[in-house]
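Below: a set of structures, written as C-alpha cells.
One chain, subunit A, appears in both complexes that follow, with subunit B as partner in the first and subunit C in the second.
Presenting the complex of A and B:
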C-alpha cells in the first residue's frame, strides 16, 4: 500500500517531465537533438552525485548543507597536492578527494551527535568553517586549464560511447556506481535498515538495537565521500578550479532531493525520486531559453514546484497522522 | 555579593553574553581607540545595524517556535524591489512626491504580509517542516524578484525617500531609533502579553499547546506574518540606505542572523530566548564586523571566523546546559537528603 502511493508520486513527476519535454520539443525542435540530452546529462551528473549523498542523510532524518564546501575542500586540496608533488594519476585524485571528504564528514557527524542541535544550523556553520579553513590556511589561488593534471582533463573529456560525434560523458560512470552502491547499502544491508529506522524514530531504533551514533557517523561520512568525488568530477569537467565556486549552490540540491519525494523528517526517500528531482531542475535550467523565457524565470518555476511538492507530501502525511490520532505537528 | 550571584545565576546565558560584549567593547577600545569610537564610526555602525537587526528579529521569532525562516532575505529583497518600482515611478500610477512614499511603504507592508501569510499557511495547514517550506518560498520569492527585474538592480528612487534613510535624530540615525522601538515593542509583547505566553508555550511543545486549547494554526500564521513584516521592514531600510534594490543583496546575512540568534540565547529547538539577548548579540556582531573592516580582513577569513563562532557558541551552550543540569540535580539530591 505504502510503496504504491510513493510510486504514484514519482509517476506524477515523470509525467510532468514528459509533458514538459514534449511541450519544449514542439516549441523548439532543437531540444530533441542528442546533443542537448547529453549536455543535460553531463551538467546534471555532478549534482546527482551529491544529491545521492544528501538523500542518504535525509533518509536518516538529518540534513547536510556543507557538502559543497566539502567537495571544494576535497578537490582543491587534492589538486594542490598533485601540482606540488607532480602526481598525475586519476585514481589518486579520486581516492584522496574521497578520503578528505570522508574526514570532513566525521567532523560533521561528531558535532551533530554531541551538540544535539538541528543539523541544518550545524552544517551551515561547518560549511563556512570548511570553506574558511581552506581559503585561509591552504590557498585561495585559482588554477587555469594549463596547470591542472592532464589525466583529470582527459577524464573530463572522455566519453562512454559516441553517437554522431557526440559522446556521453564518462562522468556518468561514477554516478552510476554510487547509485548502485547506495541502493545496495539502503536495501540490502543492516546499515541501510538502520538508516531508515533512525529516520523514522530514533528512540525506537535505539531500543531495537541500532546504534544511532554509528549510523549517523556512517551517513555523514558517506555524504562526505560522495561530495569529495563530486568535487573531482566537477574539476575534471570544467578544467579549472576557483576557490569560490560550488559553495552557495547547496540549497538547489536540497530542493531537487525534496522535489523527488524525500521526507525531510526522515525515513522516506528513493534514489529514483532524487534522480527525477535533479532532472526536473536541470531540465528547467537548460530549456527555459528554448521556449523563449530568459533564465531569470528559473527560480520562479523551481520555487513553485518545490512549494507544491512540499505541500502535497506533507499534507498526505498530516492526514495519515490525524487519522491515526497522532498529533505531533 | 550574594545578590549579584543570584542575578547572574538567573540567566547565565545572558550574563555571559553581556560580559563578553563588555570585554569586546573594551578590547576594541584598547586596540582601535578612535578608529572605533569616533562619532563617525558609531554613526556608521548605527546606520548598518537596523537592516541586519530587523532580519535578526525575524529569524528570532521563527526560531522561537522551533522553526526557521530561510525566506527572510529573499522576502526583504523582493519587497525592496516592489517599493523601488513604485518610488522610481514605473509602478506609481501617476502618484508623485509624498504620495509615492506612502504608497511604497503600504505596498511593502502588504507584500511582506502576503509572503508571511504564504509561509504561515503552508507550514500550519500542511504541517510542512519550516526548513523545507521556507526553502521553497525563498526560491519562489527570489524567482518573483528575478522574473520582474531580470536580475538587474532597480534604482533611481524618489529623493525624499532616500533622505529618510539618512535622517538623524540626536546624531543617531532615524532608522536606528525605529529598530530600537520595534525591538522594545516586540520584547514587551513577548514577555507581557497573552500572545507572548502562548508563543513560548507553542514553541516549547506544540502538541501540549494544542491540547491546552491554543489554536496552533493561528499562532503559526501570526508568527510568520510578524516575521514577514519584520523582513519587509529590513527591505525598506536597505532600499533607503543603498537607494537601489536587487535580488541577492545580503546573502551572507542568513548565517549571521542565525549566529546572532544562537549567541543571543535563542534555542533553535524553540520555546526559549528573549529579545534583549538578541539585541546585545546584534550590537556585538556589528562591533566585531566593524573591527574586521578596520583590520581589513578578507571575506574568506570573515567566513572562517563566523563559522568558528557559530560552532563554538553552540558547543559552549551545550556545555553550559549540561553544567546547569548537573548543578540542579545535585541541589535537588541534597535537598532530598
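Presenting the complex of A and C:
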C-alpha cells in the first residue's frame, strides 16, 4: 500500500518530465537527440552525488547544509596536496577527498549529537566554519587548467561509451556506485532500518534497540564522504579550482531532494525520487535557451514545482493518516 | 567524554574567532591609529603616503583579483601608503556593502571598490562620502557621478571593439556567434558586449549574433560550460563565441568534449594562469585583458592623491605602465592599457 502510493508520486514526476520534454521537443526539434540525455547526465552528475548523501541524512530526520563546503574543502585541500607533492593519481585524489569529507562529517555528527541543537543550525554554522578554515589556513588561491593534475582532467573528459561521437561521461560511474551502495545500505542492512526508524521516531527507535548516536554518526559521515567525492568530480569536470565556488549552491540540492518526495521531517524518501528531483531541476535549467526564455524563468519553474511537490507529499501523508484513523490536525 | 567535548568546543571557538576576525583585525588595528592621528593633526595632515589608509574592496576571490592584490602590495612597497585589500566571501553587492559599512565605521581615508553591481552600491558610497571618505571605483563608469573618481584601464567601447575585431578575424568574417557576460547587471561586461556586437554589425554583414541579449555565465566556469552545451544544441551552426567575463575556459572545455575546437572560435577575457592551456592548444583564438595588478595600483594611487587633497586631471601620472598619462572625462580617468594574448605571448605574463 505504502510503496504503491510513493510510486504514484514518482509517476507524477515522470509525467512532468515527459510532458515538459515533449513541449521542448515541439518548440525545438534539436532536443530529440541522445546527446541531450548525455549532456544532462554530465551536468547533473555532481548534484546527483550530493543529493544521494543528503537524502540519507534527511531520511534519518536530519538535514545537512554544509555538504558543499565539505565538498570544496575536500577537493581543494586534496588538490593543494597533489600540486605541492606532484602526485598525479586519480585514486589518491578521490580517496583523499572522501576521507577529508568523512572527517568533516564526523565533526557535524558529534556537534549535533552533543549539543542537541537542530542539525540545520549546526550545519549552517559548520558550513561557514569549514569554508573559513579553508580560506584562512589552507589557501585562497585559484588554480587554472595548466597546473591541475592531468589525470583528473582526463577523468573529467573521459566517456564510458560512445554513440556516434557522443560520449556518456565517466562521472556517471561514481554516481551509479553511490546509488547502488546507498540502496543496499538503506534496504538491506540493519543501519538502513535504523536510519528510517530514527527518522520516524527517535524514541521508538531507541526503545527498539537502535543507537541513534551511531546511526547519526553514520549518516553524516556518509554524506561527507559523498560530498568529498563530488568535489573531486566537480574539479575534474570544470578543470579549474576556485576557493569560492560550490558553497552557496546547497539549497537547490535540498529543493531537488524535497521535490523527489522526501519528507522534511524524516522517515520517508526514495533514491529514485531524489534522482527524478535533480533531473527535473536540470531539465528546466538546461532547456531555457532552447525554448528561448531568459534565465529568470528557471526560478519560477523550480519554485512552482517545489511548492506543488511539498503540497502533494503532505496531502498524501494526511490521506494515509486518515485511513489509519490518525488525526493530527 | 565531557572533557573531549569541551576541548573540541574550545578548538572550534578559537577557529571561529580566528577566521571571523582575522580579516578585519589588520584593518581595525591600523585604522584606529590613523584616524586618531588625523584628529590630532587635523587640517595639517601632510601628503606623506604613510599617513593615509586606503582599502581596496574587490569583487570576489579569484586569480584576477589575486593579481590585483599583488599590484596593491607593490604600491604599498613603492610608496609606503597604508593600503590593503578586502575580499568579499561571495561575488555579490551585499557582501561588498557590509565590508564598506565596516570601513566607514573604522574611518579609513579612502575606499577603492570594484563593484559587483554599481547601482546597488550607490547609497553606501554616498554614506561613505558624507563621512569624509574618498571613494574611487574601478570598472564602474556608469556611477562616476556618485564617486570621487572612477579609474578605467581604457575606454570601454574601444576594448569592446577589440573583442569584435578578434572574433571576426578568427571566424573569417562570417557565421553565427554568441556572446557571454558575467551577469546582465555587470556594466563593463555589457559595455564591451554592446560595442563588440555593434562593431561586428557595422563591419561584417555576414556575421550574425544568435541572441538579442548576451548569455550569463554567472562568473563561473561551469556556468559557461553548461550554457555552451545548450547553445551548441540550440544553434548547431554556430561558429564563434566571445566571453566578456574571464570564463572562456569553460567554453573551450565544452568544445574539446565535443571535438569542435577547429570549427568554433573562442575569444575571451583571459587571465594567463587560467587560460594559457587553451590558448596554447588552439581552442581559444585570442585572449584579451588588462593587467589587474596595474589597475589596482593606479586606482589606489588615485585614491591616495584625492584623499591627500591633490588632483587627478588629464595628464596626471598614476605611476604605473599604461596609466602614465590618464585622460579624465566626466569623472572617469581612462588609462591606455589593453593587453592582447595569443599562443605566442601568453607565457610572457605570470599573473
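In this text, the second predicted complex is superposed on the first by the 317 of 329 C-alpha atoms of A that agree within 3 Å, B and C clash if a C-alpha of one lies under 4 Å from a C-alpha of the other, contacts with A are read in each partner's own complex, and residues count from 1 in each chain.
Everything below uses one rule, namely that a contact is a pair of C-beta atoms (placed from the backbone, for glycine too) under 8 Å apart; a residue touches a chain by one contact, two chains touch by 3 or more.
As the structure is a computational prediction, the values presented were derived from the model and not from experiment.
In the superposed pair of complexes, A:31 makes contact with subunit C only, with no contact to subunit B. In the superposition on chain A, A:114 contacts both subunit B and subunit C.
In the superposition on chain A, contact of A:196 is made with neither subunit B nor subunit C. By the touch criterion defined above, A:145 lies against subunit C but remains apart from subunit B after alignment on the C-alpha atoms of chain A.
Shared-chain residue A:73: touches no atom of subunit B or subunit C.
Once chain A of one complex is fitted onto chain A of the other, the partner contacts of A:294 extend to both subunit B and subunit C. When the two complexes are overlaid on their common chain A, residue A:129 makes contact with subunit B and with subunit C alike.
Look at A:155: by the touch rule set out above, it reaches neither subunit B nor subunit C.
In the superposed model, A:240 lies in contact with subunit C only, and not with subunit B.
When the two complexes are laid over each other on chain A, subunit A has residues 111, 114, 129, 131-133, 135-136, 140, 243, 248, 294 in contact with both subunit B and subunit C. Those residues of subunit C that touch subunit A in the shared complex are 5, 8, 12, 15-16, 18-20, 22, 60-63, 66, 87, 89-91, 213, 215-216, 220-222, 225-227, 229-231, 233-234, 236, 249-250, 253, 256-257, 259, 271, 273-278. Interface residues of subunit A facing subunit B in the complex, by the touch rule stated above, are 63, 111, 114-118, 120-122, 124-133, 135-136, 140, 243, 248, 251-252, 254-255, 258, 264-265, 294, 296-304, 306-307, 310-311, 314-315, 317-318, 321, 327-329.
Contact residues on subunit B toward subunit A in their complex (touch as defined above): 68, 70, 122, 125-129, 131-133, 135-144, 146-147, 149-151, 206-207, 210-211, 216, 251, 254-255, 258, 262, 268-269, 298, 300-308, 310-311, 314-315, 318. Subunit A contributes residues 28, 30-31, 33, 35-36, 39, 43, 110-111, 114, 129, 131-133, 135-136, 140-147, 157, 165, 167, 234, 237-240, 242-245, 248, 285-290, 294-295 to its touches with subunit C in the complex.
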